[in-house]
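Some notes on the structure that comes next.
Chain lettering (A, B, C, D and E) follows the sequence in which the chains are written, and residue indices restart at 1 in each chain.
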Amino acid sequence: MTGALLQSQTPLVDTIANLLGIDGTLGAIVASLIGAFLIANLLLVQTAVAGPWAKRKITAAFTDRIAVNRVGPFGLLVIVADAVRLLSKELIVPDGVDRPAWDLGPLIIPFSALLGFAVIPMGSGIHLADPETGLVFAFAASSIASLGLVMMGYASNNKYSLLGGLRAVASNIAYEIPLIVTAASVVIFTGSLQMSTIVAEQTTNTLAVVGGVAIPQWFAFVNPFAFVLFVVANLAEVGRNPFDVPEAPTEIVAGYQTEYSSVYFVLIYLGEFIHIFLGGALAATLFLGGPDGPGPASLGIVWFIAKIWAFYLFTQWARSALPRLRIDQFIEIGWKGMLVLSFANLVLTAIIVGVIV
Amino acid sequence: MIIEALIAFTFVAALVTFVAPNKVAGKLAFGLSLVPIAGSLLMWSQFDATGNALLGGSLAFEETFEWLTLAGYELSWHTGVDGISMPLVVLTTVLTSLAIVSAWTPIDDRQSQFYGLFLFMEANLLGVFTALDFFMWFIFWEAVLIPMYFLVGVWGGPRRKYAAIKFFVYTNIASLVMFIGFMALVFGLGDSITSLGLPEIAQALRADELGTFYGIDAATLKLVAFVAMFLGFGVKVPIVPLHTWLPDAHVEAPTPASVMLAGVLLKMGTYALLRFNFTMLPETASALAIPIAAIAVLSVIYGAMLALAQQDLKRIVAYSSVSSMGYVILGLIAYTEFGVGGATFQMIAHGLISGLMFMAVGVIYNTTHTRMVGDMSGMADRMPVTTGIFIAGAFGYMGLPLMAGFAGEFFIFVGSFGSTVLPYAPLFTAAAMFGIVIVAGYLLLAMQRTLFGQFRLETDYEVGPAALHDTLPLAVLLLLVIALGVAPELFFQMITDAVNPILQTGGGL
Amino acid sequence: MLLQSQLPTWTALAPVLILGLTALVLLVFDSIDSDSTNSTLLAGTSVVGSLSSLAFAAAFLVEGTGQVSTGGEITLYGDALVVDGMALFFMAIFASVVAMVSIASYDYLREDQHQAEFYTLVLFAATGMGLMAAANSLAVAFVALELASLPSYALVAFLKKNRGSVEAGLKYFLIGAVSSAVFAFGISLVYAATGALTFSGVAAGLENTEYVGVAGLGVLMIAGGFAYKTASVPFHFWAPEAYEGAPAPISAFLSSASKAAGFAVAFRVFTEAFALSVIPAGIDWVLLFGILAVVTMTLGNFAAATQDNVKRMLGYSSIGHAGYALIGLAALSAGSAQNGNVLGASMAHLLVYGFMNTGAFLFIALTEYWDVGRTFEDFNGLAKQAPVACAAMTVFMFSLAGLPPFGGFFSKYFLFAGAIGAGFWWLAAVGAVNSALSLFYYSRVVKAMWIEDPDGEFELQGRPVGLYAAVMVAALGTLVLLPGIAPVIETAQSVAAALFA
Amino acid sequence: MNPWIAVGALGVVSVGIPLGMMAVSALLRPSVPEQGKSAIYESGEIPTGTARIQFNIQYYMVALLFVVFDIETVLIFPWTVIYRSALEQGASLSQVLLPMLVFVGILVVGLVWAWRNGAVKWVASPLAERRKTERQT
Amino acid sequence: MVPAEWYLLLSGLMFCIGLFGILTRRNALLFLMSVELMLNAANINLVAFSYQWGNVTGQTFSLFTMALAAAEVAVGIGIILVLYRNFNDIDVTKATTMRW
């Protein structure tokens, strides 16, 4: 089926290397750099669309009002306007900040989010690297962000920022375990941490045929409970409503980003949006078959983008529809609810798999 | 089984006394201590051993229980008595009982602990004199120290802490030195012994089975071990110049403890010298005869001279013990039937006499609260009975005929005079005899100054005769001293029987 | 009679498993009622657990589980763990110490809000110690060592409002952290040189390794790790602080069980992984341990002799005893028939030490309960008030000093005799001299209690049953080990000989 | 080809892009320092005291819990990877499932204990505590 | 393949840096960080030689080392916390109720 085609497609880096006609280690490095640049830009473009434009549009739609419709078709050129505006703003360095950390924080956030995409198979051969431990790497890379958050919070010399940074850490650590344990319940099915295998496992097998339509063995269908857990934990992990306690503008101004302006502000937002997409990509890869979908395999990238945008849409819906949790509710849900449920899920999955196999 | 029963009973008695109320502890301990006396007398009456326990003689009341095997050595519970240890067992039980009675008056604090420790000490002393396995023996040997440490330390005089620690440290270091020396022998014997039984080791040593150990040849090993053991036991005896703990301990110890210390504990040292050094390593001993005899004579003379210079009655008696023990060493090194036998006999005799003297001093002290010769005079008027016994005891000390002391010293001099092992034996004997003169000198001097003349001690109470229970032990001891003096063969027969093998198999001695 | 041979092999680990399970049960109790200060239930559970662990260990020892008579050692979990006579022997030590400590803590912690945590931590640490004794791979040794150490850190700092306790905990922790890092690095170096972590694998790899220097450094660092756990030079200086500051039952626990655990794993590592028959020339760990033993016992004893504080004196004296026990490793030589005897004597010493030293620290716990004070002077005349407890303490002191009528003499005798028999007379000589010296400071305690007069009148508050019982059990153990030394020493030497088979 | 080369390349790129943006911004943006601008923003109030404030101990407690559980998840992952293939190769359920159940079981005991002892209780309200005790008395 | 000596050099260097930190830092937290460095030096060795020898023992063990390092830090920070409450400082040389 589609999976077989997907497998047969040449990986992105090799394609580039072949195109340029270079080989050897040096060739691999050059080709990798070019491929990485392409992928990074693919994401930057999506973020540019999602941040200044789509977000406003979606929120406006939810709240029944009109937004960004002045500049360009559908107001799309607001992206350019905003980019130029933010980049050309004055960078205000407040008193008493801890300078190296303060500067480093905003760099780390987009870095961590982008790095996670290195192992995500996006279909149509757009798959930068496929190491055996891809899944662990993705989680590891995305967790680096919390380091940046706490650095920013601590370096800003601002009580709100400090609290925001701490809250960010608390939320990240509270929901990371459910997230990973739920992912582990998927790994029980795949028996591998390699992203391509995880995807292949979902695309090559068919769960059931209902009315002549073959339903692929997406793990969201196999174990919907795990999927729900994962999505909720993911939401908290990327710090979106209703779990956006680290920013919580009504409580602690804007948390760790209070003191940032100009290009740093852009970088932080850039990082956060890429993070949302990374969360979506992980959910898609683990539960929704990655680039799997009807049609030829070359459409994989389309499906993949559709899936991560669906997740993005979901976050924006949650933002408009749900009130923010209090910090204590937030932490207690994480430790008492999600953690227990995720372990229960893991154990049950293991038992069921054990009994069936 | 009678030995085991005795030791076990005494241990139990000690425990019972330890938890008994203070008021009844003294009487209870005395009552309980009568049982070991009865037991030891029963043993004596049924005594049927011949020869030396260590040298293949038959033993009385022998018992052996396997205990454990370790690194090729069997350790066992092995007890029995021969002619040397039997009198000492009797001495121990009798003296303990009498000392307990003599404690009734002076001990007025924590009595149950005091008498408990006393009985505990007795049990261990019985063990020392009956154990025939080195390990058992060593355990009892060391265990004796602990009650004595407390007896001196808790119930002693003003400088009791110093005295107790000094006693404890001295004797423990001595034990260690001795232990190492003995172990060197054991390791030197290597595979030729399969247990740490004293008879087996003694016989192996006398059969010349000692090998090299760490490249040290047998002769050197013997010498080193002999010296180590001699020093180790010498502290207990004590020999000059290792005696300095003794006056302190004696002076500070409460009377009953002094009685035991002088009467039995010092005998442990000479007993061990006889059993280990002189029985196991006769060649080495005879090779070292001159220095040993010199030390013996030095102890006799020096101890006596020191006694002469003392003002404290107890100190006088204490130093005279050093002197008396010198005779014992001299007798031992003589290696004749009368020398070694006399030395053994002298152990008993001195045990009784020094016990008597310490008790008498104690009774006087209980009444006058001073022991200084210069403070007292005319005690004869106020305490006639005590005085009489004191004088009798002093004569015993001086070696007056018909007293046990005479018999012991006489045998020793006879033996040492005719010694073939000791060069210049007559010379040494004569020098030692000179000690008797000094002893007579200081004892007479002390008696004359304390007992006779005008009573002039100023007290706020009436100084009168001692209570019956204070006097009775003195009388009993005096009777025993006289009995042994009149009929030394009561013990001497069995002693020589056990001593002779030492001399016979001595390899050309 | 419960026969391990009739059960599945994994049950050979029962002594350890029971300790761990008891800890979990205590956690469950605390979860059910987190405010509970029901000492009877908590201490009782702990005692029952440790006693049943002891029962299993003893029964298995008697039955011969893991020994030659029943088919040799039992290896479990892919050679990671091994149950043999030595492991069971040490498990028995740990279980007895835990039992005594638990009984004593019943009174010691009467008012405390966190009793369940206390017992849990003790039991977890004991579990780690049991695993140390059964470790058959460097990895397990490290994990078990940490399992034993981590609760110990917390236990030392358990009195969190007491500055001494916290300070002791900090120092114990800091040195522990460093030495465990050193230990881990040593393991990694040995792994680098041999490519294996199981003891047999390491031994096989060492025989023809090309990295002798790396392996040597690794061995040295691993020895350092053990030096910490056993409070030996050069990682000894936490010991007096930790023992002084920690709650006294914990001092008892650490100074006997924890030390024994360090020796247990050191014995196995050095006799099996770095066995003298395979170790490359140039890695002379016997000499290393010889020097360590001499320095440790001398330093411990001399330092102890200068202390004013009884608890601290005991802390230093426990360093001295680590030096004695080190003789068990220092007096080995390749292929010598005496090896089993020396090592066995060292093990027996640790067992006896487990009783007498635990008892001594528990007596300190008793005095802390009474608020008597900590210096020698504060103990003056204590025997008038509490003769029975003081008699027990006297037994401990004399036994620690190695006086003959008590268990301590025997184990020391066997140790020194073994060293002489193995040709290391100088170790025995230093040991004997130190032993004689130690009598000085041990008898100071006895002197203070029995001979000195109290400085002022003081009344002892109450007669804590648990503490008394624990002290008595320890005293009884020390005394009973005299006539009962036979099975102990025979077992110890036969199981030790199995290590060299 | 080693996949980590590509990962490294993306790492370089994802540092390079933000740096590039910062460079562009540095060229574009003005710099007009003013006293008021550089003040810390604390909701428009004048900042008081230091920013190094004491905060809720619970942050530390959950961090501890996290350390425990995070490491445990690391240890669970290898198990999940081999679980199915081990079963397919004929390992019995008690061999592959039971150890993990024990492992998770111990973790759960720990979690329950921490839960009951208030390690994950974010706000320990003194008022509520007092009310509770008052009701009891 | 990178020669084994380089790994040893790297880990040795890291270990020494950690050791240096321990010997010179008086802040308890920095002390902890130094210990972590030392432990991670061990991990480098384990992983590198696991690769070198072609078995996974070392790698597996490094997982355990990490877990233990984490647990150690958890306990350590707890102790440092009570230290701060008692002494108002986390300087490891300040706590001197007892003689060193």
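Quick note on the criterion: a contact is a pair of C-beta atoms (placed from the backbone, for glycine too) under 8 Å apart; a residue touches a chain by one contact, two chains touch by 3 or more.
These numbers were taken from a predicted model, which means no experiment stands behind them.
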| item | value |
| --- | --- |
| Shared interface partners, meaning chains that touch subunit B and subunit D | C |
| Of all other chains, the one whose Cα centre sits farthest from subunit C | A |
| Closest chain to the centre of mass proxy, which here is the mean CA position | C |
| Chains most often in contact, by C-beta pairs | A-D |
| Distance-maximising chain from subunit E - centres being C-alpha averages | B |
| Length of the line joining the C-alpha centres of subunit C and subunit D, rounded to whole Å | 39 |
| Rounded Å distance, subunit B centre to subunit C centre (Cα mean) | 42 |
| For subunit B paired with subunit E, centre-to-centre distance based on mean C-alpha positions, whole Å | 65 |
| Centre-of-Cα separation between subunit D and subunit A, whole angstrom | 16 |
| Multi-chain contact sites of subunit E, meaning residues that touch two or more partners | 60, 71, 78 |
| Every chain pair meeting the contact rule | A-D, B-C, C-D, C-E, D-E |
| Parts of subunit D lying in touch with subunit E, wherever the complex brings them together | 60, 64, 67-68, 70-72, 74-75, 78 |
| Sites on subunit C touched by subunit D in the complex | 24, 27-28, 30-32, 34 |
| Touching residues on subunit C, where the partner in the complex is subunit B | 338, 341, 384, 387, 398, 403-405, 409, 414, 417-418, 420-421, 423, 425, 429, 432, 435-436, 439-440, 443, 447, 450-452, 482, 485-487, 489-490, 493 |
| Subunit C-facing residues of subunit D, complex | 106, 109-110, 112-113, 115-118 |
| Complex contact set, residues of subunit E against subunit D | 60, 63, 66-67, 70-71, 73-74, 77-78, 81 |
